[in-house]
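In what comes next, subunit A is part of two complexes: it sits with subunit B in the first one and with subunit C in the second one.
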Partner chain A sequence: MDVDSLHTLVTGAIWRAEQLEDRGAESAAVAWKEVSLIEEELANALAVSEPEGRIARRGAVGAALSAGDYARAEALVQRYTSEEGTPRALRSELRKMLDEDARILEARFRYAAKHHRVTAARGLARQLQEGGAFGLAAA
Partner chain B sequence: MLLDLAQLQEMHPKLPGDVALLLVTRAGLGLQRNGHRPGVGVSLDLDRVPSRGSLAWPDADMAKLEQHDRDRVTEDGAEAVALAAVHRARGWRVVRRLQRRHHADWLLEQEQPGEERRLRAALEVSGVGRGGVATRLREKLAQVANSPDVDERWAGVVGFEEPEVALHSTGGGRGR
Partner chain C sequence: METIAFYSYKGGVGRSLLLANAARFLATLGKGVVALDLDLEAPGLHYKLGGGIAGKKKPARRGGAVPYLVATAQDASSAPPLDKHLIDVPVPPESGGWLRLMPAGPAPERAYWSALKELGERLRLDDPSGRGLMAVLDLQARIQDELKPDYLLIDARTGVTEIGALATTILADAVVCMFVANQESLDGTVTVTEALKTAPRLKGQAPVRVVPLLSRLVEEKPPRDERFAGGLRRLLELGVGKAGSGKVERELFVLPHDAALGASERVVGGDRKASAFSPLYKAYLELFQTLFPSGAEEARRALERLEAVADVRAELTREPRRPFGFEDRLRPWSDSAITEGVSSDAAWGSPHSRYADLVCRNDAGRPLMVVEYIAEGSEAEAVEFWKRPSDVRCVVLLDRSQRGHVERHVHARDRSGTLRRIERWDLPFPAEFDLFPDLGDRSVEAMLDALRQGRAEAVAWLIDEWRQSMGGFTGRREPIWRPERARRILDGLAAMEDLRTAEEILRRCSANWSPPWPPERWHMDRMMFEFPLEEPNRRLEDDLFAPLFWRLPIEAVREAMRPTNYPGETLSLAGYRLLASHLLGLNFDPYRTALDEGRVLAERFTSLARPEEGDEWLPMRWLGRSLEILVEQLQLSDELPPTLVWEEHLRQHPYRLETLEQARDTIGVKARKQMTAPAGLRRRLRTAADRRELATQGLLGEYDASGRITLYSAVIEATAELLGLPPRHLKSVAFIHLSVRALAHQARDLDGQPGYGFAPTPQTSPLERESPVHVSLVQAFTHRFILRLEDPNLLAAFEKLTPYQPEPYRRWTAMQSTPLELLRALLMRARVSEAIIGLPGTGEFP
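Take a look at the complex of A and B:
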């Protein structure tokens, strides 16, 4: 698919996700996942040296966070920050997006955050997702 | 200047058809619920240059107003009017919608005659159901000033009570 078509698609997808989010619909998370996938496709098609390429990289990570898919957001940040030619400012911005999301989570679950670090909890969640209960127990 | 919202899709070919239709429908509902009819006069403030124009749209079916969220009618209607104005005034076209964390709603582009390079702009839009647009415009200009990866940053605020459109660039009258 060409870049123009992907831009049209991502516009429609963001539009739907925003409308669902404004109404408090649970399906907003699914809609943001779709946005993240299209943004990722745009990021694959556009070099990081192009403004639209940087916008797509931020968009892929941001939409993954809006979808509540931290593991995907983290994987995308790792990929985009290790790309050759990525400006230092963009690297720092992408990492800040993850930090900001962790801060929001800590504010939401204040009691839990007093006893556990968000990064540690997310690490456990990832191990559970990847290896199941026994994989987590064996870790 | 005539802002004919029926031509929104032609002005912005990359805007999805269903999105364009919904924006224009909500603009019509927002204007008609304030007692306006297609062809109404509109006050324009295009980067600090005041003028008058007229605003046209396909007649909206007011029986369907209740099917739409009240705030979305104002906000989405404002998007239709601002996108029409920014195209008519400066020839900007939509590239794509931006996510909220980009501090703007739209990424726009403008061909440069005789040059391969395109100019890019971020546009943040808001609608005001009652009263003037000045305060909201200041807020939106401050917001869009943070938008990265663009050559120009614009804010557009549309008032529905007495139709008005204010489109300012952060360059302060130099956003051409």
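Take a look at the complex of A and C:
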């Protein structure tokens, strides 16, 4: 699929996701996931040196976070920041997007945030995901 | 806030019950407590603490942890209101603490399971964004910040689950890991405990403290096989244990199986009532001392208090163990008479209120006694309160001494109503409140007073006290040698007029006495195994029973000596032994005599029946035949005595020669009745007295050829009236006289021979007369014996009767200074029918 077609698709996907989100529909997360996937396709098609390529990368990460798929967003950030030729500003911007998500989480769980850092919680959650309950399933 | 999670690898270990008890215990200590049910798949904490929720078995509201987390996941903009998801559990208001429960939700209603499904869809704890984890952490932090409890207790999910892992590894500061005594439960618990110790924690969190807990243990000790023991050792390495007993340095906490408390799932944590005390609750409190260090001292005190009050309650309601003591006559307090954990109020006559651990009431519901466990050094304050006028007559204060044991301080109101400390340690029985105006005055005089008023319960106390005063152990106190006190008791008991009380006295001071046997028990058992008397009992019989046997009313003696289980059975022969051995120098052992006779009979019998060799029971089976005659000696009769029978017979038929029995028939019933009528009897006795013919043998009583003693009650009573004596004392004098005569005949000398020379004269003729020498000797011994009994009443009766008796009866006056050994020697000669010319003191003695 060529870039123009992807642009067309992503424009429609973003509009649909925003509409669903505005209406509080539960399927908004699925729509944002679709946006993220199309943006990722665009990012694959466009070099990081191109402005549109950088927009696509930001779009892929942002849509993943909007979809609530933090794991995907984190993986994308990891991938894009390690690309050769990625500008320092983009790297910083992508990381800030993850931090911004953490700040949203902290705002949402303000009692917990007074005592614990979201990053620490994320680390434990990842361990729980990998090692199972009590870490008994860890390799 | 300290967070403690209660976890178990397998279910059914009593986890929620322990948590509920811990929560209530902490709340009653004045702590703020939140109980959080995170056992989402099988919630039940609201049932355990449900007793406090308006008596409902399910939560009154629809809130809980699951609805709260669902609301959190649904609305990112604002946190749901916390109060909507909490339930207040009532705790005693004076404690100052509070307990709030966040149940899992309205389980088992359908709405709960829908909410749980939705939660699973919306919130995943292993979500790498940390959203799920943060939601739960937020709940914990919100409880901490908004409610500010001292403790958050979490019921964690059983098994290996994410929510269980989160509760134990992240939320908790300490984890109680419960398991039961089987390998499956233990292995799983060891695995999880090892994981807990290595699990990552959030920054700033101290390592989790694990307390392994072996629950629902039916046996006293956990299984001993090597694999199981190895697992227990490993848990002890990983977790916290308690100080061990004996050589063991540390050991695991154990909750015993408790059918009553465990099965009913009753929450007693923090309960001050003694009835809550059980082995399980005791184990709870021991665990709480370690689990809640800030409440350790309170837990220790609560345990001590409950133990002390429960002990007292058990003592108050326990049936007596000693079957023959004072207390066995006093019924213990009934359960319904004791109320627990009562605050006194104005109805008691006191305008102020005070907590009493136990209140013992009478049948009308009035409080008679209170038991209070007091704080150290607060005795004066408690006494000050209870001394106010009220129905309460006894106050028992319990406190822990510096040496660690519980001390009792018993206070009682005296006759003037003043509360004062009394010297007794044992707890008063209900009857004592009727028995004694002053519970503190259990003096001999007070007890004798009670006895005179018909309170036979005092008999056993007086006998115990007599033993004590004679230097014998009674199990109550150290013995103190107080012979004068013992003498006062003896004289007091001997003066009892009431026949039933007197009978009770004799039974109680006989070592042989026991309640009637069950019918299936063969009397030979008793003969073979219970006859040997221990020395203290021998002393009781010789020094108390024996004198009382002669001094108490003769009717009571007769009743007490009546066989209850087999012919020939007797309460005690100590009275006869005292007379025979100590005075006459003879041996009176009718059992041995009867056994000898039984042996002779058995030999004759076995020569025919060819018994098996070694059959030692045969003589015993013949025993009863002889015992009946030898032991049941005393009869009381309203018949006409032989002297009066002969008198009437001679009047009616002066020339007819008949035996006594024939003469009795010949004079006829009508004449006998006329003679025994009071007026006729008095007239004849007055005449006899004028002629100095009031003989003991033949008129007042009779020792006959069958070996029995008969006292003619009507004659004795009329004689007593004539002489101005109490009849009971005259009866006793006659009984002693006739007993001396009987024993002079029946008792054995050192050669084992009875006194054939003292055999009663067959009543074949009115001309038969007893030997004047025998009469004199018997009277002399009677006098000596009465002197020995030290009974002034008997001595007065004896001395007052003598002047009206025939000459041989009066000779004792001249024999008072004759040595006893000389009298004994004369008796020996008389027993073998040797002629004695003259008597000492009469001027005729060679």
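Definition applied: the second predicted complex is superposed on the first by the 129 of 139 C-alpha atoms of A that agree within 3 Å, B and C clash if a C-alpha of one lies under 4 Å from a C-alpha of the other, contacts with A are read in each partner's own complex, and residues count from 1 in each chain.
Here, a contact is a pair of C-beta atoms (placed from the backbone, for glycine too) under 8 Å apart; a residue touches a chain by one contact, two chains touch by 3 or more.
Not measured: the values here are computed from a predicted model.
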| item | value |
| --- | --- |
| Overlay on subunit A: subunit C relative to subunit B, clash or fit | fit |
| Partner with the higher number of touched subunit A residues, subunit C or subunit B | C |
| Touched partner set for A:7, first subunit B, second subunit C, both or neither | first |
| Inter-chain angle, subunit B to subunit C through the CA centre of subunit A, in degrees rounded to a multiple of 10 | 130 |
| Touched partner set for A:109, first subunit B, second subunit C, both or neither | second |
| Contacts of A:58 with subunit B and subunit C, given as first, second, both or neither | first |
| Partner chain(s) touched by A:35 [first = subunit B, second = subunit C, both, neither] | first |
| Which of subunit B and subunit C A:19 touches, first, second, both or neither | first |
| Least Cα gap, in Å, left between subunit B and subunit C after the two complexes are fitted on chain A | 19 |
| For the subunit C and subunit A complex, residues of the former touching the latter | 76, 79, 125-135, 137-142, 144-146, 160-162, 164-166, 168-170, 191-192, 195-196, 198-200, 202-204 |
| Contacting residues of subunit B [partner subunit A, same complex] | 14-16, 18-19, 69, 72, 94-102, 107, 120, 148-150 |
| Residues of subunit A touching subunit B in the complex | 4, 7-12, 14-15, 18-19, 22-23, 35, 51-52, 54-55, 58-59, 62-63, 66, 93, 97 |
| Complex contacts: residues of subunit A adjacent to subunit C | 68, 70-71, 74, 101, 105, 108-129, 132-136 |
